[in-house]
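Each of the next two complexes has subunit A plus one more chain, namely subunit B in the first and subunit C in the second.
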Partner chain A sequence: MSKKILLEHIDVPGIETLEVYRAKGGYASVEKALKTMTQDAIVEEVKKSGLRGRGGAGFPTGMKWSFLAKPEGVARYLVCNADESEPGTFKDRYLMEKIPHLLIEGMITSSFALGANTSYIYVRGEYFYIIKILEKAIDDAYKAGLLGQNILGTGYNLDLHVQAGAGAYICGEETALLESLEGKRGNPRIKPPFPAIAGLFACPTIVNNVETIAAVVPIVNNGGDWYAGIGIGKSTGTKLISASGHINKPGVYEIEMGITVEDFIYSEEYCGGIKNGKKLKAVVAGGSSVPILPADLILTTANGEKRLMSYESLADGGFATGTMLGSGGFIVMDETTNIVENLYTFARFYHHESCGQCSPCREGTGWMEKILHKILDGHGTLEDVDLLWEIQRKIEGNTICPLGDAAAWPVASAIRHFKTEFEEFVKNPSAFKKVKHYHNMHGLATA
Partner chain B sequence: MAKVTIDGQTIEVADGTTILQAARMVGPAVAPPAMCFYTNLKTSGGYCRTCIVEVSKGSDKDPRPMPKLVASCRTTVMDGMEVKNFSSEKVLDARKGVVEFLLLNHPLDCPICDQAGECHLQDLGYEHGSAKTRTDFERRTFEKISLGDKIQLHMTRCILCYRCVKVAEQITDGRVHGVMNRGDVSEISTYIEQAIENDFSGNIIDVCPVGALTDKTFRFKSRVWFTKPVNAHRNCDKCSGKTVIWYKGEEVTRVTGRKNQWGEVEEFICNTCRFDKKQTSDWTIEGPTAVSHQSVISANHYMKMVKPNELTLNNIKPIGMLTEGENK
Partner chain C sequence: MITTKEIKFDNETLAMVQSIIKRYPEGKHKSALLPLLHLAQAEFDGWLSVPTMDYVASLLNIKPIEVYEVASFYSMFNLKPVGKCLIEVCRTSSCWLRGANEIVEHIGNRLGIKNGETTADGKFTLKTVECLGSCGTAPMLQIGEQYYEDLTFDKVDALINEWNNKTEHSKYLDVNTFRKN
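This part shows the complex of A and B:
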């Protein structure tokens, strides 16, 4: 059933303004946290809530917070990762655009819990208009005494800054984000040390996704146990899903974790079924990097159970027959979709976005794109498909950051589940070929 | 102290030692190859992924194996850690992949490359790579860039190990070059073709594992295996003055830093020693440089480091001395 927590007041006119937001009970968590709770108590509530990172990895947020080093006399930072760039994911944009104060509120409460006096929101550069929205919201919060010195008379100080990225997918990786925030080239760092020990400006830092930080607000307001009661198993609470592709009602939906995938795709409340009465072919369930699943495997698991929208159920069966919830970028493809062409689009993206620091990703992503281009162009061979499999296998797990994995998984899953389609394409390309020439072979930026 | 076992050989090393360093202490039989790590350069390593190893046991406290292969140059040892390098199929397979990636866009122009004969990529390809390439795509090329009158940058050969960037950052006064662009079109460059000119800039030539950065005063003068390295020193107010000078006949063709068995310079030398002192009279000669018998340079060298044992000596016929019967 529909359960709205983050998007509860999304339809209220003027919710983006401070007045309306406060009238609807906004900033209650700041009052409650700063005036009645200790830092440890808030962390404890977040732990109890079972909240997991909404950026894609699904790491328990409370546990991440408890790793934060707290040496005497060293500043701590909270950084919000709003560099939402995963193809198919647009939930953070929606949240920040429509209800910016929810993020600001979450930032204040979370910063207090972590003992940070300076916090940053690192926004994807392409979201330039959202930066303006956030800056306006922050200005208003400063004027209302919710930010700055001595917040609400409690003696707690917090400065909140918005930093624009420069348009690199890699800066969504937390250590690359920190490098970029420090004004350097956005290359991922080699870990350890992890940001919780030495992050921004070599100080202990927590990096959290927009949706994660927003979810801290209801958790502080209603308690961790309340939040843990929503959802299913270890997938507690609600999740924003960015639904796109061949569906009747694309958009951002807040779901309670545990509803069935079938329900999500076909019910009128959510996606409203496949467009033009076509049949479902495949789904990429969590943003472009997670493995693609054919219709039968996305609706039911390998052992015949109904697949649910939750971290565990979507991952059921491992990568052989399962996928990941990821960031919740739900891309639906109908029977007209050509998997090879679709894969080429993904491969081109990862090639373009590779930072070039470590060799498997730098060279491998480009190689995969070239081979897929060759296949699409009608010159592919069966050996090329095997070679693709080999290349992705050599990239996966051997890179500095997860971009290598993100580039390898779509290729691996497409070949795993749709190998016959590749073979048919290679044998009779003219039956499939739609576009004659693909440009931008070398990933150079085009106007 | 931490006890670590690498390919079945146990060694006790100080805390904070990396797996790679520990493996080098054990010896070449277990040491992983490294293309970007450089002992004398802080924060180097981790990029090329050639030194990846399998950690089959994390430590005595936490014996779980590490889920992924790790870069041995950036992973510190733990007490009781067990590491598999050459004894792991997984590592050898993944390393073969890394070599393939490094060579994917490498021009393989060894016949006209000054680095040939002392190139780490040649050694790596020979030891861990395949005989054949699986790509038939056009290779990536860049324009050659002149970094002043002493150093030539041939970006097409570069494997982006970042060593030269770290040298500029840590050894010289001001860094004027770095990595530009992103992904497989990233390149080492100065911003708007500037010369790299400072007292220690020449060291970027020594640290380059391939022929991307070459000495203009030596380019195309000789193949390295036709030259004879000699340890020499001079009084220098900028550096230690301890170098290797390379002779071709009577002529000093080039001067480099002294490298250890891992191909790393022991002490960085200044540009005066490297580029300006090319007379025997500038130097005090110490004696011939030790050259590993595996090196192609030793093929033409007057001193073999490892003597073949007598058994094999008896079985080998000296070249050019045919027995009477064969002569007929």
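This part shows the complex of A and C:
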């Protein structure tokens, strides 16, 4: 059964408005937190809940919050990461568009818990129509006394602003995001210092994903223990999954952690099975950065257990036979999919998005894109496949930020699990019907 | 396509600029750079010329180079003129799986241009982009603020006809997109 916590009221007409949202119990967490709880008590509930960051890394939110430095007289900031640019991921957009006040409520309650008096929501620039929706929601919250000076008469002050990005995946990396929010190029910073010590404007800062912030609302309302009782093991609560590709019902689904992958793909409640009655070939389970898995390994672990939608089960087997939950961007590929060409779209993406600070990432992503392009054009050799493997190996772990790893993993996993397909492709490119098409496309390749 | 207007915001936009600057702490007004560049691009024909960037630098009292280095980093800022209608088609994995390459090819054929080019009449520019967060409604494209999803050739043809008859520039935002503090 689907378990709706964040999306409980998503189908209520008018839920995007403050009136309807409040009529459905909205902003109760602000009342409760500001009027009856201490900052430490809120952090404690978030710790108890077991909530883990929903932006991709899965770091425990309560623990992150407890690292926030609190020097006397220095401002602290909460910055919401709504950059959402990981291919395959569109859940934050859905949440902000359909139920914007849930994010605003989470920002107020979380900012109070962290002692922040100014907070920002950094939204990718392409989402300007979402920015409009958020600005309206914020405006209404100010008018209702939920933002600004002396919120609900408690003496707590908070200003909340939306910041627009301008097209750069790397600005989803938290330190690049902070650079961008300071009006600079989105070059990731070298850590330490971590943002919790020196973040925005060199002040202590917490960066959290949209879905993470939204989950704080039910946690404060119902308690950390209640949230921890949902889900499985250390994967507590629910997760928004963005489902795309060759399925009958693409869309955003809220799942309780621990349902089987098989159920997620084939049940009518979620993806509704593979489109056109085709067979499943492969899945990228957590956004473009995580390893691709062939059908057998995504449905069952190497030990023969049913694979579950949870941090632990998806990672079971390490990179040899497992993958990661990541951002929950679930891309499904049917039996007709050309794995080499799919990988090319990822390689092109990472090359385009590399900020260029580290040579292994800047040069390596470019090489990988070029080699894959050469293979697709029908000029590849077996040595090229080995070269791809070597390059990804030399990027991984040798860069300032994790984009380098994120670029390497899709290449490594595609070759690991589909090596014969690469070999067959270079030996007999014309057997792959897409190749001819690729020649047609050549003139359209990005400059 | 080439700006003939004087590079200067009207009073309404200048008031919005001041409102945006107030969102950041004293002395941190450089944070307003991205929002201001967006406003400038929307106001001055969909791209950022050197005089436009210099104007933004003067509004924030920062060096022009600080603006150039930022404008050249982000893919939404156009440093060259673009057509009245900028068509941005996603072709990353999820969109590719559902026919994005065919959509790009179709638009190219319809308009007689290749990716990155502008039609001779200055009406359309075709640009392929990476994932726009609309993978569940693939294939998709963006024109200005608007997303067009679950594309078919018919839908694309209708869009091209619609934009052929428009005189205004496609825009990501206008002065009212941001809230007045």
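To be clear about the criterion, the second predicted complex is superposed on the first by the 433 of 447 C-alpha atoms of A that agree within 3 Å, B and C clash if a C-alpha of one lies under 4 Å from a C-alpha of the other, contacts with A are read in each partner's own complex, and residues count from 1 in each chain.
As a convention for this text, contacts are C-beta pairs under 8 Å (C-beta built on N, C-alpha and C of every residue); 3 or more make two chains touch, one makes a residue touch a chain.
Keep in mind the model is a prediction, meaning the values are calculated, not measured.
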| item | value |
| --- | --- |
| Subunit B versus subunit C as contact partner of A:399, first or second or both or neither | first |
| Subunit B versus subunit C as contact partner of A:352, first or second or both or neither | both |
| Touching partner for A:164 - first (subunit B), second (subunit C), both, neither | second |
| Touched partner set for A:370, first subunit B, second subunit C, both or neither | first |
| First, second, both or neither for A:185, with subunit B first and subunit C second | both |
| Touching partner for A:387 - first (subunit B), second (subunit C), both, neither | first |
| Partner chain(s) touched by A:360 [first = subunit B, second = subunit C, both, neither] | first |
| Touching partner for A:242 - first (subunit B), second (subunit C), both, neither | second |
| A:55 touches, of subunit B and subunit C: first, second, both or neither? | neither |
| In the superposition, subunit B vs subunit C on subunit A residues touched | C |
| Common interface positions of subunit A, toward subunit B and toward subunit C | 168, 185, 352-353, 355, 443-444 |
| Contacting residues of subunit B [partner subunit A, same complex] | 45-49, 52, 68-69, 71, 74, 94, 97-98, 100-102, 104-105, 134-135, 137, 140, 159-160, 178-179, 181-186 |
| Contact footprint of subunit A on subunit C as seen in their complex | 23, 25, 28, 30-35, 37-38, 66, 69-70, 73-77, 91-94, 96-98, 101, 104-105, 108, 114-116, 128-138, 142, 145-147, 172-173, 177-179, 181 |
| Partner subunit C, residues of subunit A touching it in the complex | 75, 84-90, 92-93, 118, 124-129, 131-132, 135-136, 138-139, 159, 161-169, 180-186, 201, 242-246, 250-252, 284, 288, 329, 331, 333, 337, 341-342, 345-346, 348-349, 352-353, 355, 437, 440-441, 443-447 |
| Complex contact set, residues of subunit A against subunit B | 168, 185, 190, 351-360, 362-367, 370, 387, 393-395, 397-400, 442-444 |
